[in-house]
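As written, the chain order gives the labels A, B, C, D, E, F and G, with residue 1 at the start of each chain.
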Amino acid sequence: MGSRGYDMTPTMYSPDGRIYQVEYAIETVKRGTLALGIKCKEGIIMAVEEKPRALQTSHVTQKIFQVDYHIGVAAAGYIPDARVQVDYARYFSQGNKMTYDEPVEVETVAKYLADQCHQFTQYAGVRPYGVALIIAGVDQKGPSIYVTDPSGTFVQYAAVAIGASSEEVTDFLEKYYESNMSLDDCCALAISAINLKTEEKEGVKHIKMSKITGETKGIEQVSEEDLKKYSEIANQKYSQT
Amino acid sequence: MGSRGYDMTPTMYSPDGRIYQVEYAIETVKRGTLALGIKCKEGIIMAVEEKPRALQTSHVTQKIFQVDYHIGVAAAGYIPDARVQVDYARYFSQGNKMTYDEPVEVETVAKYLADQCHQFTQYAGVRPYGVALIIAGVDQKGPSIYVTDPSGTFVQYAAVAIGASSEEVTDFLEKYYESNMSLDDCCALAISAINLKTEEKEGVKHIKMSKITGETKGIEQVSEEDLKKYSEIANQKYSQT
Amino acid sequence: MGSRGYDMTPTMYSPDGRIYQVEYAIETVKRGTLALGIKCKEGIIMAVEEKPRALQTSHVTQKIFQVDYHIGVAAAGYIPDARVQVDYARYFSQGNKMTYDEPVEVETVAKYLADQCHQFTQYAGVRPYGVALIIAGVDQKGPSIYVTDPSGTFVQYAAVAIGASSEEVTDFLEKYYESNMSLDDCCALAISAINLKTEEKEGVKHIKMSKITGETKGIEQVSEEDLKKYSEIANQKYSQT
Amino acid sequence: MGSRGYDMTPTMYSPDGRIYQVEYAIETVKRGTLALGIKCKEGIIMAVEEKPRALQTSHVTQKIFQVDYHIGVAAAGYIPDARVQVDYARYFSQGNKMTYDEPVEVETVAKYLADQCHQFTQYAGVRPYGVALIIAGVDQKGPSIYVTDPSGTFVQYAAVAIGASSEEVTDFLEKYYESNMSLDDCCALAISAINLKTEEKEGVKHIKMSKITGETKGIEQVSEEDLKKYSEIANQKYSQT
Amino acid sequence: MGSRGYDMTPTMYSPDGRIYQVEYAIETVKRGTLALGIKCKEGIIMAVEEKPRALQTSHVTQKIFQVDYHIGVAAAGYIPDARVQVDYARYFSQGNKMTYDEPVEVETVAKYLADQCHQFTQYAGVRPYGVALIIAGVDQKGPSIYVTDPSGTFVQYAAVAIGASSEEVTDFLEKYYESNMSLDDCCALAISAINLKTEEKEGVKHIKMSKITGETKGIEQVSEEDLKKYSEIANQKYSQT
Amino acid sequence: MGSRGYDMTPTMYSPDGRIYQVEYAIETVKRGTLALGIKCKEGIIMAVEEKPRALQTSHVTQKIFQVDYHIGVAAAGYIPDARVQVDYARYFSQGNKMTYDEPVEVETVAKYLADQCHQFTQYAGVRPYGVALIIAGVDQKGPSIYVTDPSGTFVQYAAVAIGASSEEVTDFLEKYYESNMSLDDCCALAISAINLKTEEKEGVKHIKMSKITGETKGIEQVSEEDLKKYSEIANQKYSQT
Amino acid sequence: MGSRGYDMTPTMYSPDGRIYQVEYAIETVKRGTLALGIKCKEGIIMAVEEKPRALQTSHVTQKIFQVDYHIGVAAAGYIPDARVQVDYARYFSQGNKMTYDEPVEVETVAKYLADQCHQFTQYAGVRPYGVALIIAGVDQKGPSIYVTDPSGTFVQYAAVAIGASSEEVTDFLEKYYESNMSLDDCCALAISAINLKTEEKEGVKHIKMSKITGETKGIEQVSEEDLKKYSEIANQKYSQT
């Protein structure tokens, strides 16, 4: 109410120094379904909750993207924005490879995407991106996970959740995450985390997951079969009582 | 009401993180008459309801377009926007053919059109497209159907309805659609689906339909004669009681 | 009233998905005097009602234009917009002839003009065209008539009326139009149609008419003498009682 | 009043399809002093009422301009706009002569100026021209007179008045104008027409007149002496009782 | 009051056809101190009232400028605008000399400056110039004086006053001006004219004057000594009682 | 209050012909601490009051700048604007030297900076500069001092004060300034002038001073030691009782 | 409240000469956590308070950046803005090295960043940067520390604090800072300064520190171990009772 007028464009500060349009864009992220990433010594995993529409061709995921052989992105918020950012990231990664003849580092991609987010917070005539991204991959420094958000911030995490209920899920992750977990345990933990707040009572149809191991350094989709397997582990290990 | 001010441009978020102008453009789609697409192993069909104006030359369809030899588009919403998007798709398909010397994939076209929709949600001085498109075709991967909407989303479907009453029609499709239907059954199902909510009590003059079979891989308009034939099948198979 | 704010620019949707500025531009068309086009096997005619101003040099028509040897345009609405669109159509037709060495098709011109109308519905800083055009001509496919309007729509008709009272006149045309009429009958029907709602009680001074026959394929102005002749036929054939 | 908001820019239609800024610009024309043009077989005349300011150098006219050897312009409304349009017309005429090696036609100039007026009714960030122009001249087709106004309309007249009281003066012209008048009679009629509503009770100091005869085809200013002579004829012939 | 909204930009007409921002800019001129120009057979003079600020270096004038050897400008209103216009005039004059190898005419410069003023009345994003200029000089046609104002008008005068109290001073000039005055008498008349409304009770420190004679055709500042001499003549000849 | 709406942009006049944004920018100057310049036959001095912040490195002055070897600038108002203007002045001075191979004149620099100020009063999308500058130096014409302000005005002074309390200080300067003062007396007068209204009760830490003598023609900072010496002289000569 | 309207864009002054958007951007700085810099003869240190998020990879600092081998930046406010400014500074430093073949001076970088801040206070369509930067380094002139803020000001300090509680911390620094401190004492003083107002009761996990010594002239992160050591010194030396 009192914010009226100051919250109309990202190029305007409110009297107390806030950029409301950026804060509203972060609200858009919170409206999106949950996405999360978990890192362990073996590699990284990304998982999202996806509610497929009626008659949608089900094997295609809308919220996990491959950026390069060794880098993936999981998104929460306004997904068309994610798709566009991922396209930019792909061009950037390929360009980087062409120039330096080695795979781009995960951090470099994350910084590139965060800088792009920032641009859209400073000039008139555009809106900030309405999406947060988990950029996860394995490069010469090992596995790593970064998060960018509409403000242009990027931060490195061991495990992170974005989108709806991300605060509760973060508490959950903080409670169970251990840096020396196996990748399988990461997968199980991810499923428990998503199920913490989902409306889907059973099955794994509402979950999409991808992983990158330090071994292959290539992104792979986790099969429905494996998801079921991890789901059972999850029920044993991380059941909330 | 409370939205006033935040809903004036696609470059502005509301305090709860919504982009109202995109939501309003989706309303425009709902104001359009029904369009639908159905996929089976033999190929795909597209069908639309069209209410011809007085003295309009009747054999010309306004809402189904040929994009390439093997790809068509059916539209619901603000049709002049559809025409412009289809033109872009045609240039894109031809350019793709020139560059790679093979027919463009249906998904590539759908992504291209969705990206274009997205552009119009992020910058000031334009309005989002007011149309949703069913992009259907047969390529080296077989038959496929995609839908783009004003938000820049694109999703693959087995069967889908857009425009007026699309929710009821989707329920209807979900009920009767089977992935191993024959193309003829698809045609009949489409007619039943359109007749579910139409004001036209009889005949097929309000229906335009096109199909692409895996055999010819070329788009063909379904003749009025055939429409009548399918209409009879429809009455037998999918009568709602 | 409730529309206030949403109707200020063509780049804004109202909450129910309407583009008000386009609808207002269509109001401008309705404020213009009547224009109509009728097609028969022999060719096409275009007719407009024109109220000459005091001391205006009377033989010059303001609302029927020649686009190419075989194509004409009749306009209703904000006539300076029509003049500009006709100029573009002339350049386009000549360019087309230069490139392909054959006369441009009527449909190609109509689509070109409709696309131009559409452009002005999507970007800020301009207003939509305030005019509807009847594009009529005879090409290798025979006679044809198209109508474009401020929304960017174009539709093919057998007979059509635009501008003031176009709805009543369309009903009238629908009642009397037959696809196998002679061109002379078309002319007479047109006069009756214009006289249906005109304030001019007698004579033909308020009527301008042009025709293109399949024989000459060239646009010709119908002389005042012939108009009188057709007027008599009209009085016999299409008198409304 | 009810128009508020819709009348702020020429790029906006009101709900009833009017472009208010164009209508307001036409009001500017009506605020200007009277200008008129009369055509006869011998040639054309242009006349304006001009109220000289104190100590103004009197022989210079502000409202009649020479465009080319054979074409003049008389203006009513916001005169600086007229001056700018006349400059464009001069460049256009000279360019035309350079290209085609023959004097430009009067109609071509009038259309050019009307098109320019139209441009300023369609784009944001400018105002429509606030002036109406009488473009009069003698070319290979003989004498002719055109009028352009802020809307971009151009119309050919035998005799015409623009600016303050133009409606009453038009009635007067309509009453007395005859197409077979002599040029001298045209001059006298023009003086009567201006005096119809002027505040100047006597003399010809408030009148400027120019003529172009079919003989010389060159624009000439009518001398004060001749104006007095015509004034006497006027008093005899066209006195209003 | 009722003008609110219509008077915010020079690109908007009010419902009665006025361009308020231009009228307001003319108010700026009236806020400036008096400037005047007087022409006689021997040449021209320009004079301004200048109130020097404390400790200002007094011999420098802020309101009379040399444009070319034979042309000067005296300004009233927003003086920084005058300085910029004078700079443009200097470039223009020099360019003219380079091109045609003869001194530019006074009228050509006046028209150039008026056209520039006009530009700023037609486009958004600028304000009209807030200054009126007296352009005076001696060229091959003899001495002449022009005035430009924010509207883009330019008018030739025998004698003219602009700025504060210009109306009373014009009446005064009209009363005493004679076209066969000597240049000395012009100077004396100018001093009387300025003193008519000044707050300075005595002396000539508040007066700056320049002259251009037909003999030298070069602009010269009138010395304080001469101003005193003319002041005495003025007291004798033009004392108002 | 009544000014609301007219004072939002420098491109708008108020009904009484004022450009409020320029007037507000002059308010910014008045908010700045005092700066002054004094000229005598020996050269010029510039002095400013500067309140150093806690732990600021004290020998660096924020408000006196060197533009060229022989020209300095003292500023009052929004200092970052001054810094930018000084940078432009430096480029300009160097460019001038490169072109003409002699040191630029002080007046040329002052006019250049004033023109730049003016630009920012005429176009939309920028704000006028919020700073006034004293441009002082010694060139082939001897010592001179100019002042520019946000309106684009530039005026030559013998002695001048800008910023907070400049009116009282100007009265003080007017009372004591003599054109035949020694440079040492100028320095002492400057200190008295600053101390007239300062909150600093003693010492010279709040004063920065620079001088340019006709001898060296180079700008030199006056040392704290010398400031103390001048301060004593000031107490004797210019004590206000 | 009364500021409404004048505080919407950096291109507008309020009636009392303030640029509110710049003042609001300075509020953004105050919302940021504390950052400080301290200079001594041995070199400089920078320290920030950072509250790591749950599961954030802790060794990475978000608020201290390396610009060049010998220059670092510590930031308070909207950190994505800092990141972008640091990127510009890096390009600038490298460019400088390429051009002059010697390391850039700290002051040159500070001025460059301040000029960039200033740009964003003068033009429409952007917002001022929402961050203050401490630019610290060791160059040929020895160690130095500069601060830039959203207004475009840059000032050299011996010791400085920016961000939340900077005023109290500045008082604290002023009380304890001595120009002949050892670098170790600077580190301890910095820890005390941060702990003055932090919510963290113990440990050094909330503190990040970097230093540049005159010896190595290279930026080094201070290890957690060393931080603990300094923390103990701090508790002894600078305990506030």
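Assume a contact is a pair of C-beta atoms (placed from the backbone, for glycine too) under 8 Å apart; a residue touches a chain by one contact, two chains touch by 3 or more.
Note that this is a predicted model, so its numbers are computed, not measured.
Novice: Tell me, which chains sit next to both chain E and chain F?
Specialist: Both chain E and chain F are touched by no common chain, going by the contact rule given at the top.
Novice: Where the CA atoms of chain C average out and where those of chain G average out, how many Å apart are those spots?
Specialist: The computed centroid separation for chain C versus chain G comes out at 70 Å.
Novice: Per the centroid of Cα atoms for each chain, what is the distance between chain A and chain C, given in Å?
Specialist: 56
Novice: If a residue has to touch 2 or more other chains to count, which residues of chain G qualify?
Specialist: 124-125
Novice: Chain adjacency by touch: line, ring, star, complete or other shape?
Specialist: Its topology is that of a ring.
Novice: Looking at the complex, which residues from chain B come into contact with chain A?
Specialist: Touching chain A from chain B are residues 5-6, 10-19, 114-115, 117-118, 121-125, 144, 151-153, 155-160, 170-171, 173-174, 177.
Novice: Contact residues on chain C for chain D in the complex?
Specialist: 3-4, 7-9, 20-21, 24-31, 53-57, 60, 62, 78-81, 83-84, 87, 120, 124-128, 130
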